[in-house]
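Next, two complexes with chain A in common: one pairs it with chain B, the other with chain C.
Moving on, here comes the complex of A and B:
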């Protein structure tokens, strides 16, 4: 086993003194704000926006602290700190979210300054995880590792983090603002359902540039992001985003919460008019002040460091032998392991979706274990995916069997990445103050129904996404099968959609029919899968078959008994 | 704890709930003003009369803000079924007990 010192910087942005001073100052500011609230100097009305700016929500059972994991990348040291906070201040577990962050569900207000102080010790914080600001920028969980990557999105996500954090124009936007960046043709960050989706690419001269999609989003009014510009040169990256945000700040609705997101502005102005406004603003502000100099990009890139990969070859003998000798390992490799850009390495998804489990939850013990495995096998670095799983992105292929053995022994070896058991689900009514219905029990029931790994593999790529309310934190609109929890006269019902697609061919799912009960929903999913399997042609994914045969056969089977 | 046909025949009562400011714990207004707030629904004040509940709610809100003890104060509906206090809405049933997916946590764990 090839152990690598965890202290070696490998692909995680390293803070400088300015970063550390800023975060430390914010912790002390919040400590004083909490003291003033507890002493009565601040009313709840005055305090609420302040706590939200520090990621602290009040949920059903307690406060919830949402901790930022910038673009989903963590060090093993940071994950151990999260595990420690879970044990010390919460109830021994945390919940990884669809925005690549981590939430603790049982936090005390009076403990929060101490927690933020401990987070700052490992260069973490809870800034930009709530409120009407630019939220944590998300990207591909395989960034810097995937064989199909063209541009490393981490660098530009970090530039955005630094640019937006203290930007005075972006502190009180009309509404929250979510940006996602993708640097390969395979969209693993759902960029077209974000306020701004950035597709990083290279031209024929090898120069980096960006395609901008604006006005995507889920929630009450789902929209697919519109193409606003196909090519923005690297040096104009910040200027162009600034122009978009200025147009939003100027014209975005502040009078109606439900019409405040940029997607509504783009929809109401129209793609052409919105683009014209952005281009005019861009022309006004383009200049030296907003130019993203190559030296700045290089310096940010340098601060990420990079794993010291060895010269290896793909499919080493021991790896092949292990797969041949152990079908369960071979299945896990086939489903959860992705080709790496460096020969002899691979990126491994650690599923947080055991059959019947709670999607995205990890105990402090599991976090410690994954941190140890990251040290042993992935340069002390790991990622959180928007699908609520963890990823070790740089594992030697000849170490995969050792890794899998450790994961399997601790309930983390489920071979279902991207399959029907890999369900995205929001916390729902079990935790969330906004929810109308529970999400987690339904996810548990569905994953238990489809627990058989062989059956899951036979079904193939099929994403189920569940939201407990119309805010769509579970991304149900873009699930191949989406499920939305609704409240009907005090009873939980579930509305099923089909045909959603979170990739660059983005599609919002269509409602299949009337909402059904939780038990009926599980049966309905089974019926949909049966119709798919009996109709599919060779090589077709669920959404391909659905497109070819239409909704009719699915609807007919699901509602046959009604 | 789910409502059944029988429970729907019981009278709808009101209780007043909030979260404790310092730690977020779910609390309920107690029948005895000296007790202030209690942590268990079984110990909460119940109001048969909507107007009385409204009066108590307004007083509780004012008191909560004045004493920095409770936040997000509101009233909710419940019924008493076979001696058990059962909130009408699933949301309030979950608040009174804890997450249905982690019965080892929340108030239900200590029951």
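Moving on, here comes the complex of A and C:
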């Protein structure tokens, strides 16, 4: 076996000279584009999509640079570089996003070529994190580690990263295009709210194939992705996507920004007609030119290397003893730690959602610490989850206590992964030019109200998602409790939805009643939780109780005082 | 308007004819696709080359039945951000086997030149004020591509590779 960097940074795609040359050329290209803008050769209208395709947004107060973390996987070295950039060019922190990327919110335009150059030193870039192109492909944050995994989605996500990079035909699409891929039966990547959601699976002969859902999305018109094909063989993976994108590029609406996503095309054509168009295009495209050869897949898989796992057993004695002796540790394990496919290992979620904190923010010091912990305990590799947390995916169970102790000492040991405090929130009116209302202060107030870890654990799985406007970057439509910021005569109000579900049983939440103020929202959430706790049957999740008892009791309690 | 071919400004042998204006019989002329559809019989017996200019919403299947009559298809980009033309050109080449000239007209910028060539365009019309150096540089500034393309028809089995230099 030809291992690449065995043991260190295992599980991260390793760049070669060609990959590096490409990124370096893109940096130089952008530098020249900035110069041409400054000289007036490019108009602002012409420059805008070019800077967006390099991750550079103009926000409310400053430029924001969104750095690509392909499918959310990072090396410790890369995270240290992000920490350094945060210190040098921003205010000493960064913000992890729901697309598993990292944003710096206080960047100067003139610094960006230098930042991109520094990123290139660690094989990173900001390519296609914005603009009307295919964006960073997202996947399961437990890829390569989860016990229920059937196919390693990283390999196919990397194939997509390459195939979509500067795609000559699909770089000026009607609108942005987001792809997510899952390699297990569980859905941890919100597959059916993406433009294209892919399930990688195996048939009875062990061959890899893909199920395609198309036309999901949130925003002002939420849609659940439609099944377009149940089985696309591995060799046709790229050809099938090419067919979908070609249909979209030709027939997607360009007359109205708000109707330009593929979900509207699928909706207007209907699932059957859209599928027929794609199938016809696919039938023509299929052939040697677009065939994904098994050798290519093997070569890309090889470039990921593989962690050198030791032969261990589950639940070693020291781990059991630590849990017995320390209830706080035991709670963190119960909430934030997931079973690993290799015995004796575990995947640990590092919550970036402390009570009263800003969801997804991490200081440069915290990034450095996590990088050190990744080196010590997880082969120098870590992940960003779409819930805006970090994950160390390959930790020995007998090292979890040491890991937790270090996290706890630095404010990173919050035991709330998947619980009510694990709030997803968009940047909102504090940063974003599109927002109607602030998201962050509300998230802080809610997580402070539910700060008690024991209470959070009692409440159990309950996702709150907050968007500061109808564009739904905080995914409020699929929050078990969703909160949407609206503007009422210049004042911030919040509309509450319940019953959303981002997993395979995808559901868009229903509006509970009239919008309320920020303070009232926090009380309303508490009221909803109380109704749930007093009605739930043993082991019943919030959304299941809601389904059983209906909206009535919740609505009644929330609006009782009105 | 300057015509860009092979990364430099070249003489344009074609004349673009506005609707209602007479079409010169003795030199290559480009008419609108709408005029071609309305007056097609009037072009019977024409010896000089004929080209059509199609709007971005006129997709390849609509043009395809008459392709053998055209030595040139000019695809309009009303705005450079309207990327339909990339698919139209590619379909004309891959699906309908068109081998004549495909020209980008309207609003295209040098930053798209590589994409144009890779999807089957052969030439591009640039604004009067264009900087020829930017078009020349667009040919060489990125030397890596990850997809098969019209100007470099290698199969996908070489997912990462250098562009021919």
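List of remarks:
The rule is simple: the second predicted complex is superposed on the first by the 548 of 562 C-alpha atoms of A that agree within 3 Å, B and C clash if a C-alpha of one lies under 4 Å from a C-alpha of the other, contacts with A are read in each partner's own complex, and residues count from 1 in each chain.
As a working rule, a contact is a pair of C-beta atoms (placed from the backbone, for glycine too) under 8 Å apart; a residue touches a chain by one contact, two chains touch by 3 or more.
Note that the structure is predicted; figures quoted are calculated from it, not measured.
When both complexes are overlaid on chain A, chain B and chain C end up sitting side by side without clashing.
In the superposed model, A:58 makes contact with chain B only, not with chain C.
Within the superposed three-chain model, A:452 lies out of touch with both chain B and chain C [touch as defined at top]. In the superposed model, A:26 makes contact with chain C only, not with chain B.
When chain B and chain C are set side by side, the one touching more residues of chain A is C. When the two complexes are overlaid on their common chain A, residue A:314 makes contact with neither chain B nor chain C. Superposition on the shared chain A places chain B and chain C such that, viewed from the Cα centre of chain A, they span 80 degrees in steps of 10. Think of it this way: put the two complexes on top of each other by chain A, and the tightest Cα contact between chain B and chain C is 18 Å. In the superposition on chain A, the residues of chain A contacted by chain B and by chain C do not overlap at all.
Contacts from chain B toward chain A in the complex involve residues 3, 19, 21-26, 65-66, 68, 71-72, 88-91, 94-95, 98-102, 105-106. Against chain A, the residues of chain C that register as touching in their complex are 59, 80-84, 86-88, 90-91, 94-95, 109, 111-112, 114-116, 118-119, 131, 134, 137, 141-149, 153, 155-162.
Residue ranges on chain A touching chain C, taken from their complex, read 18-19, 21-22, 25-26, 28-29, 32-33, 36, 41-42, 46, 49-50, 132, 159, 162-163, 165-173, 238, 246, 249-250, 254, 284, 288-293, 295-296, 300.
Of all the residues in chain A, the ones that touch chain B in their complex are 37-40, 43-44, 58-63, 91, 106-110, 358, 429-431, 435, 437-438, 440-441, 444, 487, 490-492.
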